[in-house]
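One chain, chain A, appears in both complexes that follow, with chain B as partner in the first and chain C in the second.
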Partner chain A sequence: MSLRLVRIDDRLIHGQVVAGWLRAIGGRRIVIVDDATARDEFLREVLTLAAPQGVPVEVYDVAAGAARCIELAAKPEPVIVLARSPRTILGLRQAGVPIEVVDLGGMGAGPGRKRIHKTISVSPGEIRELREIERLGTRVEIQIVVDDRPISFASVVSGE
Partner chain B sequence: MRAFRIVIAGHGALPAALLDTAEMICGPLADITAASIGPDDSPDGYADALRSAIGQDGRRVLVLCDLLGGTPFNVASAISRRSPRIVCISGANLAMTVEAALANGDLDDDLVERLLEAGRTGIVETERHRARRAS
Partner chain C sequence: MFRKFAAFGGCLTLVLLIAALMPATTLAAAPGAAGALEAPRISVSVWQAALIAFGYYLANSPWLFGLAFFTLYRPLVAGFFVGLILGQPAEGTLIGAAINVPFLGFLSAGGSLPIDPGFAGWVGVTVALAGHLDPAAAVSIALGLGLLGTLIFYGRMAVDSVFAHWADARADKADIAGVALMNWLPGQAFLLVVSFVPVFLFALNGPAYVQDALNRLPLWTVNGLVIAGGVLPALGIAMNMRFIFRGSAIPYFFIGFILMTATHGSISLVVVAAIGLCLAYLHLNFVRRDVPARVETIEEPVAAAAASTVVVGAQAKVSLTRGDIIKSWALWSFFAHANYNYERLQGTGFAHAMTPIIKRLYTTEDEIRAALKRHLVFFNTEPNFGNVVHGTVIAMEEQRANGAPIDDDAINSVKSGLMGPMAGIGDTMSQSTITPILLAIGIGIAGGTASGTAVPTISGATGNPLGAIIYMALISIVIVAIGYTTWMQGYARGRSFVTEILKSGAIDRVLVGAGVLGNMVLGALAATFVVVNLAPTVSIAGAKMNLQAAIIDPLFPGALALGLVLLTWWLLRRRVNPLAILAAYLVISIIAAYPFFGPGQQNSGDYSYQACTSSLLHQYSPCGTPPAATPAPTAAESAVPSAGTSAATSVPSARP
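Now for the complex of A and B:
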């Protein structure tokens, strides 16, 4: 399994990802799956600039991203997959991408969103999507930085 | 006399500390501000803060960022890609910041090359540095 980190983070590439995760797991490639980013050439370029030399950044919509992730999952090279929302990960899962664990790394606060842990807030719709992801056999965990001990999503939303 | 403004963009206490420490070396510095992002700040909120630090008076601005790929750099490079009067550098350290603060004249290609060089040349390990100095 070379999709070493599959992470939901509304900032996509940022300090925690490049200085923390990329080093810790030896990531050699970053795949961003996000419909809006895939359509926006300027955003794509800025994200490409955010990665260190030698780490290619690829940006896809969900359909193309699923095909690419399935292909990369079968190769040895360690890959980081980043998405902004649970819906995207659900789409990848439903398209058959093998994801053992999805990491909730950064989901900002806002109207209609409930803070469940530090910098992780979720909407009722996202809770449903994350539960559906779990039902499909993918563990959902919160781990913001590498040194955090992973916390299961189910343990912080029980009773919702 | 430096003909451009400087904004130090980075995480947590670093931007203000870098500015404060540069003043310890250079004396009081004009036209330099620090723009920090905290753990609970959103990228959009930070973009507003950075834009206001950059200003709208049309002067050239050098944005010194602490980390390639960090949100301050990502936001600053997005702004600089759209605005040619802004130059964005990542990997800022004290040597580079002092070089920039004490620069004379314009923010031109020569200066940008000098700043990148200043940032790099201070990065040594004593034993390797000694061996190279001796040879």
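Now for the complex of A and C:
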């Protein structure tokens, strides 16, 4: 499994990812899957340039991202996949991308969203999508920084 | 969080329990505690405790132009100030430097805090200084305090979310000053209480309590804490190595290490840094000539980005003055983290910084309300490099106020799209490159005696307050310069500045150069602060010889320390949790101090050869002379050479 980290993070590439995860797990490539970002040329460019030198960043919409992730999953190179929302990951999973664990790394608060753990907030719709991802055989865990102990999503939303 | 704190506390309790049950030479016979100096303890007055507690509050507060996180929050600087308050600035700086080494890999990103270096520094130095602990024993205790300190941070992050809603209520009333007030007043009032009270109590009662506890323990367990103080710095150094120890920069780490051991620690860290700068220049220009590869596409995107920016010409109705923009920058610098919370992170800080802009640009209540609410949402970036976001947003607000078709979505997408990438670049630069390198230099200066020798594990070494002062000055200048430049350029040139700076390759060049310098300094620091001394003796050709002195030091001084650092780095690469490593090293150090091979130390002043070869590791160097060669030295004689020699690198006088 070379998709070393599949992470939902609404800030995509930032300090925790670049200075923490990327180094710790030896990621060699970052794949960003997000429909809106894929359409925005400026953001695409900034994200491509924001990663350290020697770590290529690729930005795709869900359809193209799924094909690319399936291709990369079969190769030995360690890859980090970043998405903004559970819906995107669900899309990847339904398209057949082999994801063992999806990591909830940063989901900001807002109207209609409930904080479930530190900087992780979810809407009712996202809870349904994450449950659906779990039903498809992917573990959903919360691990904000690499030195945190992973917590299962089910353990913080049980009873809702 | 509670789990890791409980695990650490559990381990410590277990070790101390085992220690208490084991039959051993207790301190009952020895008046001076081991690990504690013979000099009488300083008593901390109520006023001194209050000043120390207020210092810790300041370290977490916005009042120092936002620079507290880079200065007072670091144990090196905290040590200097605690030392000043208690009347021993040199000793305080030395202890602060020793405590700071395990925190070299400290990184706080996106509202996470693995450990609290501020608490470890302010309380740890107080306890060590007033209780007359050996700086190395202070390191172990300070790490436990650092974990305790995270409780304050997490409590604050949770409670401050409430105040963000108070700010929302003010925004509903279009109350600009109210939003600003809600960003700092309630959060700081709460912080003052939760940071002042525990540190005040610790500072007042902690030293006596810790010293009494240590006095009740068997001598060898206290030695174990001192040994741990030489082992645990390997963790901080290895954590920082995760950022920079790679590729063609790796050899520089070994150059730094060997430079220090080969000169027996007699060159100052400033010299090592100067050599590092020269090598960084050569490395950039002759080894890594591939680095500025991104430079060639510079022309085209600038033009493209400029074209996409709406330019409002001379007919502008309202325009911002330079004063507004500087005022906004100052507010951000001060108050970005004044109300840091889980729900919005820097959200209320962003709104606070925008208040001078909103005041100037918008007049109707509806416009003001909308603008305040627009900027009260979730926001988080690195608060210096990330300032390009604010600059860009201010320019967009100005154009919008003058009728340009910029809607909320356009502004939000710039904020939410740029804050992540700029935090990625910013944290890499400021927190994991610039700060640790400058800290390492400061620690090196602080831990040195007049001759430039660092003696962290041996009581009686004098520290150098200049280390803390130089570090404070350098980091402040660098951070303010970066913050101001990115803010102003972001305003003047917006998105094109972002792409241009990223494409210029300047950041990569700085990172590659800093990697060279960082590895050199880190290697030198490892040679000074990581101490592993084997105690057992072997019989070679009938003569009993100390393993370390006879075999390891003549071949490769500091080989064990270097091995430990590399092992720790490898463990971290294998994703072993740093707290598990911390606990394991602490337990192993204490076990390794048990006198398996002899009676052990008779009292804390016993530095005889008999005493120091009776355990697996020993805490001071060099060992006394073997009894076969000369009569056993008295405590005074053998203590003298140890006071002036680097513990990691010394070549014992008793070499065959």
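Quick notes on this structure:
Keep in mind that, in the parts below, the second predicted complex is superposed on the first by the 160 of 160 C-alpha atoms of A that agree within 3 Å, B and C clash if a C-alpha of one lies under 4 Å from a C-alpha of the other, contacts with A are read in each partner's own complex, and residues count from 1 in each chain.
Everything below uses one rule, namely that a contact is a pair of C-beta atoms (placed from the backbone, for glycine too) under 8 Å apart; a residue touches a chain by one contact, two chains touch by 3 or more.
The structure displayed is predicted, hence computed values, not measured ones.
In the three-chain model built by superposing on chain A, chain B clashes with chain C.
Set against each other, chain B and chain C differ in how many residues of chain A they touch, and the higher count belongs to C. In the superposed model, A:Gly108 lies in contact with both chain B and chain C.
Residue contacts after overlaying the shared chain place A:Thr37 against chain C, while chain B stays out of touching range. Using the contact criterion defined above for the overlaid structures, shared-chain residue A:Glu134 touches neither chain B nor chain C, since it reaches no partner. Of the two partner chains, chain C is the only one that A:Asp148 touches; chain B does not reach it. Using the contact criterion defined above for the overlaid structures, shared-chain residue A:Thr119 touches chain B and also reaches chain C.
With both structures placed on the common chain, the touch criterion links A:Glu45 to chain B and to chain C. With both structures placed on the common chain, the touch criterion links A:Arg11 to chain B and to chain C. When the shared chain is aligned, chain B and chain C each come close enough to touch A:Ala19.
Stretch 475-483 is the one among 97-105, 187-195 or 475-483 where chain C clashes with chain B after the superposition on chain A. In the superposition on chain A, the residues of chain A touched by chain B in one structure and by chain C in the other are 11, 13-15, 17-19, 42, 45-47, 49-52, 108, 119. Those residues of chain A whose C-beta lies close enough to touch chain B in the complex are 11, 13-15, 17-19, 42, 45-47, 49-52, 108, 119. Per the touch definition, chain C reaches chain A in the complex via residues 3-4, 107, 109-112, 114, 157, 161, 242-243, 291, 293-294, 301, 305, 308, 342-345, 377-378, 380-382, 413, 416-428, 431-432, 495, 498-499, 502-503, 508, 511-512, 572-573, 575, 577-579.
Partner chain A is touched in their complex by these residues of chain B: 11, 39-40, 42-43, 67-71, 73-74, 77-78, 81-82.
Chain A makes touch with chain C in their complex at residues 9-20, 23-26, 37, 40, 42-43, 45-47, 49-53, 106, 108-110, 115, 118-119, 121, 144-149.
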